[in-house]
Amino acid sequence: MRTINMRTALLEALNEEMERDETTLVFGEDVGKFGGINKVTEGLYEKYGNRVFDTPIAEPTIVAAAVGMAITGNARPVPELQFGDFAGIAFDEIFNKMGKWRFMHGGQMEMPITLRLPVGIAGGAGPEHSQSPQALFMHGPGLQIVIPSTPYDAKGLLKTAIRDNNAVLFFEHKLLYDMKGEVPEEEYLIPFGKADIKREGSDVTVIATALQVHTALEAAEELAADGTEVEVVDPRTLAPLDMETILSSVRKTGRVLIVHEESKTGGSGAEIAAQIQEEALFDLAAPIRRIGSPDVPIAQNIYLEQFYRPSKEQIVQAVNELMEY
Amino acid sequence: MAEIYKKETQLKDYSKDVLLDFYRTMVKIRKFDEHLIRLMQEGKVSGFYHSGIGSEGLSAGSIRNVLRDEDYIYYNHRGCNQKIAKGVPLSKIYGDFLGTTEGTTRGLGAGIVHSADPSRGVLGQAGTIGSQLGIGIGTAYASKFKGTDQVTVIYFGDGAASREMLHGSLNWAGLYNLPVIYICENNEYAISCHVSETHAVKEHIADWAYGYGISNCVVDGNDVLLMHEATKEAVERAKRGEGPTFIEAQTFRHRGHFEGDPYDYVDGELLKDWKENKDPIRNFVSRMLLDKIAEKQELKTIDQEVEQEILEAIEKAESAPQPEAGRIYEGLFA
Amino acid sequence: MRTINMRTALLEALNEEMERDETTLVFGEDVGKFGGINKVTEGLYEKYGNRVFDTPIAEPTIVAAAVGMAITGNARPVPELQFGDFAGIAFDEIFNKMGKWRFMHGGQMEMPITLRLPVGIAGGAGPEHSQSPQALFMHGPGLQIVIPSTPYDAKGLLKTAIRDNNAVLFFEHKLLYDMKGEVPEEEYLIPFGKADIKREGSDVTVIATALQVHTALEAAEELAADGTEVEVVDPRTLAPLDMETILSSVRKTGRVLIVHEESKTGGSGAEIAAQIQEEALFDLAAPIRRIGSPDVPIAQNIYLEQFYRPSKEQIVQAVNELMEY
Amino acid sequence: MAEIYKKETQLKDYSKDVLLDFYRTMVKIRKFDEHLIRLMQEGKVSGFYHSGIGSEGLSAGSIRNVLRDEDYIYYNHRGCNQKIAKGVPLSKIYGDFLGTTEGTTRGLGAGIVHSADPSRGVLGQAGTIGSQLGIGIGTAYASKFKGTDQVTVIYFGDGAASREMLHGSLNWAGLYNLPVIYICENNEYAISCHVSETHAVKEHIADWAYGYGISNCVVDGNDVLLMHEATKEAVERAKRGEGPTFIEAQTFRHRGHFEGDPYDYVDGELLKDWKENKDPIRNFVSRMLLDKIAEKQELKTIDQEVEQEILEAIEKAESAPQPEAGRIYEGLFA
């Protein structure tokens, strides 16, 4: 199968869905002729003209406008926030409007918005251009949260997101844009709420998202050499969350490590751990462990960055500790 | 900067039907409000209510006989004035307040905000005042993109105008030349604060629109015909593809911010003047009588018809059931 | 001891601290001559003049201005957001500026802000005036989160908050304003990070915040009649979180129920549960249970509201279920 | 609306010291930038850098010889121009880029933003451009409250001006009559977008300030003396208690938005014109030589001194150690 990077995979999804539905609109800061600062929208403006447009630097307005477009039923907005950190600026529009407008008006409108948010620590971008805010939105009813780890998942999930008539937050880890993976030529969609087992194993379940899936896989390789078989589960969507797949893995292994790049306290691992223990307490041979970045703002110093992003070493160590129970 | 919208209106330039429609609408708005307050006092409606009494002319004038079902409005949180003028069935609005399944939310309940009627271009409203400034321009953008001649009218108070979003909104509207009309319902107060205590303006709130190159004016919002003319010009401008207009409509609250507000921060004499000399309905009646458009009796008949309509609407809303508890699990996703 | 309601207790704290430090400034929408829509600032304007002022309706600006005042070292801002829900509008200013400014500038400034946020379901206020957003901020480094349940706690904690040179989010449940409790005349302070055991018991630990402390106490009464002794732990501050007190209660009872008004998924209960199982898994006789409001926006219909706010019945049932293990 | 700030400046009205100080500052800014880019190219500095080359006159003119240590600035994210003009030690700024303990953040690292030097009124900066619009007015409010004559100068780009916060900020500034000066560094572009593609203005960005009743003007930001005069008037106005001023300073980027930006969205001829004919340093040198304020040699000596100063600063910054890993656990709370 051909191999492409995640940027190309996302761009293909955007292209195919813009082709498919003429009401699909792409907009945001520099997404037009510049092709987006991450080049994910490159070439769309040339192809689709006014369906792709640059906006002023005004994140609440971008999201609010998307809401106002979507509820007319005449547009399918796919806005981008230049950095996922800026979700904080447009927080009310995302959390309370995108997520709740339909419900609070009695279900009379649809909310076909896919908001793209590049996230993650990616080389000295500092405390306000490196965050992973996805967990916050698990607390927000009405929002679907997608966080792919491979080009294959990214393409299939983005296509599903754009076609969905409900609000989707689509988080893209910036360090994954250049990462390659197999993606078929033929069209495919990936449903929400289906975790993917990225590696099978019987000893420990490692639940990881985005870039951390790869770190977990690396750790798993190393651990396998020592005889510990790690199962790496990638939820792919945090809402809906595929607890079924997670729980069946947990029931098999009895040992759980959750790894994510967002800071540990209040991260997605908290909710996942709380649910696992609620459903499968007596299957646990050891406490559920979580690795997240430290609960301090992200330093700009690239040397210090390594102490934020969960590392292979941390995972290996945590798994080994779990194996001691 | 912002100019005062001036125009000599003559009743004879309007058909009697249109004039009586303005009258009927204003009466409907006021009576709706009075009955709602009664229902609150009877303990049947909970939550906050921000009475729209005193500002009926603004909504009737800017909606009736100028906006179509397919035109969009984002209503303000004061009274249900714009929704009523736009034709949302009264029983449905009452149903939202009473929390019965007759409401537009089918029992979920809504106060002033969160009622919607997409078939009449009413796409709902936020609980955070002024959020419509952002959402509304998206709606206008969609119309422009689709190539229709629909206009979007965004209502908001003087207080809401101070929200940061106004800037993002005016900038988009001006930049993309959107078919949007801003109607700032300036009743001088945001809860307890006079506009002069919270707004830095050259002279008028509408001045804020000027720097964006957006047409703007200040109009007496209690003069239903003047309000109508100003809005009509704006609607025509939007339909001609000439973009947005910002109308600051001056009015005043007859009641406090919410039911129960002592309303002692407003001078009694001043309030009396607004009630007695600037009441939009009373003044319009005087004019109609003076110009002999209608007899007192004819107007009284309308009053009675409206009263009847409202009582029936309440009856319909009240007799519908409360939803099942499970209602809250319906409709989160499409 | 004299008995006063929480509104009065808060107002006393504000008065005493404004008296104590002349750089303390109170501002927000209608907090001046109107005394605040909840009347918590009543009389301050008359007493302190320009140190109490009404602001335009512009929540991000209110919080941003507080930050800009605080970092000069010349002011101690105590702003109010009229409804805690509006934290979403000022989210970036709270989460990324109030919380991180000091750290990300190398610790060169202090952030003596106490942001007051009235929260909670309180009688038909609907989806955007009833929320309890406090859990979101547990994911935000640099923010201290206070959530009192009694007049006594409210006063002592607010005084501590105002004197503290770091950012504090002070959540006040609107239904508690009229609730009375004993408050001494003499000055006292309550430190952050000290949970309070509101009722001792040996069978089940119920961790509850704000209004839910009272619901839990009512449930405990009822359960006691049936012979089940519930220990009600009120963390009082979610950040810092007093895990020591929580864990020692858990180790005693082995059964845990967490009750909060914020919606269940991603609520504070997730983090608390995750930490408890991590530290005390083998002390648990039963899975940690959580009760939060349902994961849907809050209906305006007052009849439906009861299905959101955790009830005594739910607590009694959950405790009884826990006792079956 | 906004007027173009015009004034005949004469070099002879300034002391030679002052003129050379402007010159030295501009050179320092440019050389700082060039060396930083070199360090990036050498792989010693990571992250983004937004070069401030081409806009030195704006910062030197608006800060040197008019602002005191106790006056506050919120710098913009383009270059380190304002920080340098305000006197933050170069070694400390380099230290932040290099991530060594010499930095103002003691090793935590900072890029353009997050350097701070409270002793010189530099209270830091946000990574979200334009956030200073809100924070800055709080700072100005605190000065006014305390009764000092400190002014706060807020720098921000044309792009940042489109953030919603501008409205909240201008409204507070006008309402509370704050000692604040807005300096909008209008280099016509926000990353790839020309201001005309993203801004709805009557004529100028400064027009946005007009509706608030805030003094405003448009000034050639590449004319260091003109910039100085405009700012000085604003500072005096603020000190007299007459409130805020909004200055739109026109300039242009010599380089792309970030290092590596192809910068192909700007016409080559146009860019050449800015570089060759509107360079703030070059033009100031010509004027000084023409008016015989200084000899070429004298200026060259300054260049060399600055070069030396910068090399020493880099040396100092580079030779300081990287922090320990534990550094990230320090300083979250006071």
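Residue numbering begins at 1 within each chain, and the chains themselves are lettered A, B, C and D in the order written.
Just so we're on the same page, a contact is a pair of C-beta atoms (placed from the backbone, for glycine too) under 8 Å apart; a residue touches a chain by one contact, two chains touch by 3 or more.
Remember, it's a predicted structure, so these values are computed and weren't measured experimentally.
Comparing the chain pairs A-B and A-D, the larger number of C-beta pairs in contact belongs to A-B. Using the mean of the Cα atoms as each chain's centre, the chain most removed from chain B is D. Chain B and chain D have Cα centroids lying 46 Å from one another.
Note on chain placement: the centre of chain A and the centre of chain B lie 41 Å apart, centres being C-alpha means.
The distance from the centre of chain A to the centre of chain D, each centre being the mean of the chain's C-alpha atoms, comes to 37 Å. Averaging Cα coordinates per chain places chain A and chain C 30 Å apart. For chain B, the set of residues touching two or more other chains reads 105, 108, 110, 114, 126-128, 162-165, 167-168, 171-172, 175, 197-199, 332.
Residue numbers of chain C whose C-beta contacts span two or more other chains: 55-56, 58, 60-61, 85-86, 89, 92, 96, 103-104, 126-128, 141-142, 296-297, 300.
On the chain B side of its complex with chain A, the touching residues are 72, 103-106, 108, 110, 114-118, 123-124, 126-128, 131, 133-143, 145-146, 164-165, 167-169, 171-172, 175, 330-334.
Residues of chain C that touch chain B in their complex: 29-30, 32-34, 37, 54-58, 60-61, 85-86, 89, 123-129, 294, 296-297, 299-304, 307-308.
The touching residues of chain C, counted against chain A in their complex, run 85-86, 88-89, 91-92, 95-96, 99-100, 103-104, 126-128, 135-136, 138-142, 239, 262-263, 265-267, 269-271, 273-274, 277-279, 281, 284, 286-290, 295-297, 300.
Interface residues of chain B, counted against chain D in their complex, comprise 1, 162-168, 170-175, 197-202, 207-214. Listed in rising order, the residues of chain D touching chain A in the complex are 46-48, 96, 99, 105, 107-111, 113-114, 126-130, 159-160, 162-164, 190-193, 197-199, 265, 322-323, 325, 327-329, 332.
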